[in-house]
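Sharing a structure below in C-alpha cells format, with a few things to ask.
Labels A, B, C, D and E are assigned to the chains in the order they are written; within every chain, residues are numbered from 1.
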C-alpha cells in the first residue's frame, strides 16, 4: 500500500504511537469486539505516552507518513501516574508548532483511549484516516528529501 | 448509522428521551428515594408527587401525567431540586413534561392555571411587560372567576398598587420576535 | 559606566570575582570582555549596543573562561533569565557566580551599526520586554530607564503567519529554511543549549539529518524549538547570530506564546520557578485531544 | 548478522480467515536478517512452541518474532519458549496480527499487507534488541504497617506470626481505631471491645512487633524490598520509659472539660489523658493546645499549673519533649489508615465539593447525632455507661429516627458511592435501642437495604420481623426542632404518603470517607488514589490488596468502605502478600528500565523532575584523582518502573529505556514507511 | 457601586413600596441604580411552565441590554426576576447549544457577561455601611427573615448563601440593630405563584408560615420577594382561621427594614401601602407611621 494518489484512490499511511496500558489494550478490545476499522494505521507500542518523543512524530513524517496518531491513558488513569500529563504539555506545544511551520493540524491526532474504549479507538482511527484523506498525500514533506 | 451509534444519539421517542433532549437532565438518575416528595409543599394536594412524576416519565406514561392535574400544581419552588441527592431537578423535569403535554393536548392544564399562564404570557407578548391589572382582568375572563377578589381592587388602588395603564417596552416588536423565535424553535425541536 | 567599572574593580580587588565578564569596545562595535584586572575593568562599557548574551560564558564546558576563576557577569534582564535557567537546570550554582545587573532600556536591532536607541532602531524583542532590571543580581548598576513604546513587528508577523493557510505557512518556512547551512551558530550562542553532546549530533539513531537540506533543516528547527519551549529567555541571540538571516525569533516567539497561553508561564529570573515542560497540572487544557 | 525467526500463527481461523498467513511468512522470508519464516495453525500450542524451539536450535536464531495475537495475551508464553531453547527471552517479540489486524479488517489484501508491515516492524525492532537480564534486588524482611485499627492490627499480627518483623505506626495515642469505639458488632452483636482488646494486647506483647503510637510517617524513600521510612514520633509530653500508666496525672489534671475525641464529643477528658481505659499502649498524652501550663508558656507567662507533674511519682511528665524522627528500613508497606465519617453539616476538611446537610440541622439541633455518637451512647464504656440518653437533656428518647444514606449515594452533596456498612449498623442500632428501651419506637428511613454478606440479610430481617424496627422507604426532606421534639419530614414511597415522625432523637448514618491527609500519605508512597481519596488497588478483581507501587499493599477502609470482616480479610491477604515477598532472597523484575549514558549526560536533571517514582539520583563523575568532573543523572533500576518519560524529556538523548530504545522505535517507523 | 437595575413588573404595580424603599436606601448606601433601558418581563412564573426556550430567551434579552449598557452586574430586587435572570444566565453558560439558540433568537450581541445580584446579597455586603449609617437602630424589633423559595434555590444558580441554612438576611437585620428570630419556615414556599389561581393552596401554605413566625415571637416578617409579599400581606386575612383573633403580622421588605434603620421616613419607604398595618415596625424607628394603615381589604 503506497501513500500516494493512485487510480484506486489515496490510501493514507498513518503511524500510531500508543501507550501499552490503555490505548494498546483498548485497541486489543476493539479487536476482540471485532470492530471493523480502516486498515491504514500501524501501531508502535510504547510503555507510556510519557515515552513518546516529539521526534517520533517528526521522524514519521520524514519517512513519509501522511498522518500520525498519539494516544494514551485518560488523565488520572496513567499506569505510571503522570506520564500522560507530561505528554499532554509536550504535544500541546508540538501540535501548535507543527501547525505554525505549515503542517496541517488534521494530520496529527491526539486522543485518550482507555482499555475499555475499543469503540472509541475505532472512531479515532477512522476519524484520523478521514481527516488525512481530506488533506491528501503529504507530498510536500516527502519532497523535502529532494536530493538526499 | 449502526445500532451502536443509535444508542448514543437517540431520536427522542420516549417521554424520558424528550425530557432529556429538552433539559439535558437524565430522568433515569431518579432512584425513587422520595426526598423530593417529602419536602414538596404541594404534596398534600396532589395525587402525583414529584417522585411519581419522575417514575412515570421513566415508565413512559404521558397518559397518566396528562390525566391528572398534579403536574400543573407545581409551584416551581425548587425545594425538590435543592434536596435531590442525585441531581435530578424534578421541578425542571415537570416543566418539560408540561411543555410536552401541553403540545400534545392544549387543554390538559386545569382551566384556572391555564388561564393564569395564558394571561401572563399574553401580557408579555402584548406589552413586553406585565400590567398586573391587565393580568388580573385577563385571568378573570379566561378562568371564569369573574368576581373573585373583587373586593380587593379598591384597596389595591387606594394604595397605588394597581396601575391601570400597563407599562410598555418601547421595542415591543423585539419581544414578539423572541416569542416567534421560541415557537419556531419548539417546532423544529 | 563609571559605576559599572568601579564595581568591577572593587569585585576584583576584594577577590569576590576573579574575572568580570562584560562588554568592551572592539573593532566592530562592542564585544564580550573578560576583565581580570583593574585596567581591563576600566575598559568595560554598557550601552544599547551590548546585545550579546554573556550567560553562555558561565558554562563549565567553556574551559578557557572557566579557568580564569570565579566569575562575575554583567547581565541585562534577559541575560539574567538565562542565568536563572542555567541555575534551574543545575548547570551553574548561584553561589558560584556574582551577578551584576544592568538597568536596561533595550538594545539596538543592529548593534554593529551603532546609533541611538529609538522606536525605529530598538531590537524587536525589546519592544515587548517588560523587565528593566533583574531581581536575581547581587548588584544593580545604571540609572532607571523608561521603556520605549513601539509595536512589535515580530508579533505582527507571527499573527500574519497564523492567519495564513497551512500550505502558505509551509511555503514561507521552506523558503526561509532552505537558506539554513546548518552552521549551528544558533545553537552555539544559545545560553540554554549546553549539552555535552547535542541530540542533533547523535547518530544511532540519527533523529536529525546533519547535511543541509530541507528535511533535516526542518527537523532541526522543530526540535530546537521544542527543546526551548518554556525555557527560551528571548535573548534574541540565535536570530542575530544566524548568517543566513532566518527569522528564528518568529519560531521562539510563537512557542513562547503557546506556553504562556496554555500553561500561564513566562520564563523569569527566579530559578525556583520550574519550567513548564516537565511539570503539569491535572486541568491543563486538552481541547486538542480526542 | 542477525538471524531472526518469524513464526506466523493462523490462530485456527482467527487470523487465517482474513490474513494470508502463508504469504506473510513468505514475504518475511525475503526480509534481510530473517533466517527462517514459517506459518502454523496454532503457535501457542505445544507443537507450535516446539516448532519455535526447534528452529532456534537448528537455525541458530538470534531473535524471534511471533506474528500472532496481542503480546498481552502470549508474550510471556513465547518468551518462555524462546528462553527454554537457550535464547535470551527479551529477544523475542510479538507482532499483533490478530486483535490489531485480522479481527478488525475484512479486506484480505489490505489485512495481509498490514500483517506483513507489522511483522516487518517487529523484525526491525528485534534486530536491535539486546539480551537483557531480569533485575535482581535484595529484600529487607521487615514490614511497615501504617494504621493501628483492626486492619493494621490484623496485618501486623499475621506478618509477625509468619516470622517477619513489623513496625506498626499509629497516629493516635492508642491503637484500636474506630473498632474500639463501637458498642456491639453486626451481625452477631458481640461486644466490640471484648473481641478487639485481646488483639491489641497481643500486638503490644509480640516480640516481633514494634509499636509506635502517636507517630506519623514523615517520608518514604526507596522501593520494593528496600524502603527507608522516616517516622515522626510526636512529642507525647510523657516519657514512655518512665511512665507506668498509673493514671495519677490524668486524675490530677484540673482541666477536665475537654470534649473527648474518643466519645465523639459526648464525654469529657482532661488535658493529659489516656483516650480510653483499654488503650494500648497505656500511656497518657498531653494535649498541647489545651494544657494550662503550655498555654501560659506559649504566651510567655509563668507556669500556671504543675498538678500532673506533682502527681507523677516517677517524674515521667516532660513538657520539654520535642518531636523525634526515627528511620526504619523495611521491605514492604501495608497502608491501613481507615476512614472518617462524613462531617454532616460541617466543613468537610476543605473539600469544596462536599456541602453538608443544612436541612437536617446537625450542629444546631443537639439531639441529631451521627452513627458513631450513637455507638458511644450504646457502649457500656461510653459517657452514659451504655444508656441511650439525649445529649440535650439526658432524657431517654421514646422515639428515635434513623436516617440511612446520609452523605452516601448523594452526588449533590459530593459523595456518590454507597458506604456499604450503614444498612447493617442502622439495623444494629435499631435493635440495640429496642433492647435497651423497651417499647421505644425505632423508625428507619432507607432507600434500599443492602445486606449482602453472611448472616447479613437475616440480621436486617430480624430487626424488622422480631425486633419491631419500623422501616420506611424514603428519604427525609428536612428536620426541625419544635419544642421538645424533632419534626422529621419524610415520605413513605411505598405507601405513597407523606410520612412525618416526631422524634426525640435522630441518628444519621453518615458516609464513610478516607482519613484526612490520605492524599499526602499516598503521594509519599507514590500510590494512586481516586477522587474521593481512597487508595487505588492495582486491579479491582485480581490484585485487590496490591497498589500500583510494588511492595506497597492496602487493607481496610482506606481502599473503599469496608466492614470489619472485609477489613480483616484484606489485612490477612496483605500479610500473605508480604510474607510471599519476604520468602525470596532476591526479587526479580522485568528489565524495562531507563539507563543513563553518563558520558553524554549534561546533568540538567529534566529527567529527575519528570520521574514519577523518584528513581533518578545524582551521580558524580570523577577523574582518577577523585576530582568531580560533573554530576550526572543515574537511574535506580529497583525504583524505575519503565514509563520512559525521562527518555522523551532528555534533550541530549542520553537516557534510554531498555526494550523500547530510540533505535528500536526508529527502526519500526522506518520499517513501515521506508 | 454602580449596577444595572432591573425593576421587574411588580415594582411598578403591586410592590411599589419595594421599589420606593430600594431607591430610598440606595443613595445613602452609595449604590447607583442604572435602569436597564427598555427591559422586558422575565417571564417569571409562566414562561417556564410553557417553554424552556422562552423562559431563557426572555431574561436573556434584558441581560443583553444591560451588557450593551456596559454593566458587569445587574441587580434584580424581585426574587422571582432574580431567579429567572440568574437561572437563564446559568443555563446559557452551562449549555453551549442552548446559548447558540438563544443568541440566534435574540438577534443582538450577547456574551452572557453580566452577573445577576439580588437585593439581599447586595445589602449583606453593605452590612458595615448600614451599621455605620444607622441613625435609628431598630433595637428590640424581632424579625423573622423569610427567604422563600426563589432566592436561594437552586443552589447551583444562586450561590450567594447556603441554600439550606442561609444567613444573609439575618446579617442585614442585625446590621439594622434588629433581632432575627430562629424559626423553621424561612425556606418554605408560600405558594405565591398560585396567589390568583389557587387560593386554598396559598392560604394553607401562608398560614403555616405566619403561625410559625408568631410562635417564634416575631414582630414582623421580612421578605425580598414581591410575590411573597403580596401573598402574605394581601392574603393574610384569608389565611386567618375562622374566629381566630391573632394580631396581624406585618410583612415588610428587607429594604424597608434597612430604610427605617437609616432613619428614612416610613412614607418614603411606602409603608403606608401595606394591607397589614406596619405600625409594629414603624413605631420602632424614629418616625411614626403617618399614613393610616387601612385594614385588610
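Basically, a contact is a pair of C-beta atoms (placed from the backbone, for glycine too) under 8 Å apart; a residue touches a chain by one contact, two chains touch by 3 or more.
Predicted model only: the values in this text are computed from it and were never measured.
Chains that touch both subunit D and subunit E are the following: B. Note on connectivity: the fewest chain-to-chain touch steps from subunit B to subunit C number 2. Central chain by Cα centroid: D, whose mean Cα position is closest to the mean of all protein Cα atoms. On a Cα centroid basis, the chain most remote from subunit E in this structure is C. The two chains most heavily joined by C-beta contacts are B-E. For this pair, subunit B with subunit D, the centres built from the Cα atoms lie 49 Å apart. For the pair subunit B and subunit E, the distance between mean C-alpha positions equals 22 Å.
Distance between subunit A and subunit C, defined via averaged C-alpha coordinates, is recorded as 34 Å.
In subunit A, the positions touching at least two other chains are 54-55, 59, 76, 82, 86, 90.
Shown for subunit C are the residues in touch with two or more other chains, namely 199, 207, 277-279.
Contacts with at least two other chains are made by residues 359, 478, 610, 649, 662, 666 of subunit D.
Of all possible chain pairings, those that touch are A-C, A-D, B-D, B-E, C-D, D-E. Per the touch definition, subunit B reaches subunit E in the complex via residues 22-24, 41-42, 44-45, 72-73, 75-79, 81-82, 89, 95-96, 98-99, 102, 112-113, 115-117, 120-121, 123-124, 128-133, 135-136, 139, 143, 148-149, 151-152, 154-156, 158-163, 167, 169-171, 174-175, 177-179, 181-183, 185-186. Every residue of subunit D that touches subunit B in the complex is listed here, in rising order: 359, 405, 409-413, 447, 473-478, 489-493, 496, 498-499. Within the complex, the subunit A residues that touch subunit C are 54-55, 58-59, 62, 75-76, 82, 85-86, 88-105, 109-112, 120, 124, 127, 140-141, 143-148. Chain contact summary for the complex, subunit A toward subunit D: residues 1, 13, 15, 24-25, 27-32, 34-37, 39, 42-48, 50-56, 59-60, 63-65, 76, 79-83, 86-87, 90, 122.
On the side of subunit E, the complex with subunit D involves touching residues 155, 162-165, 184.
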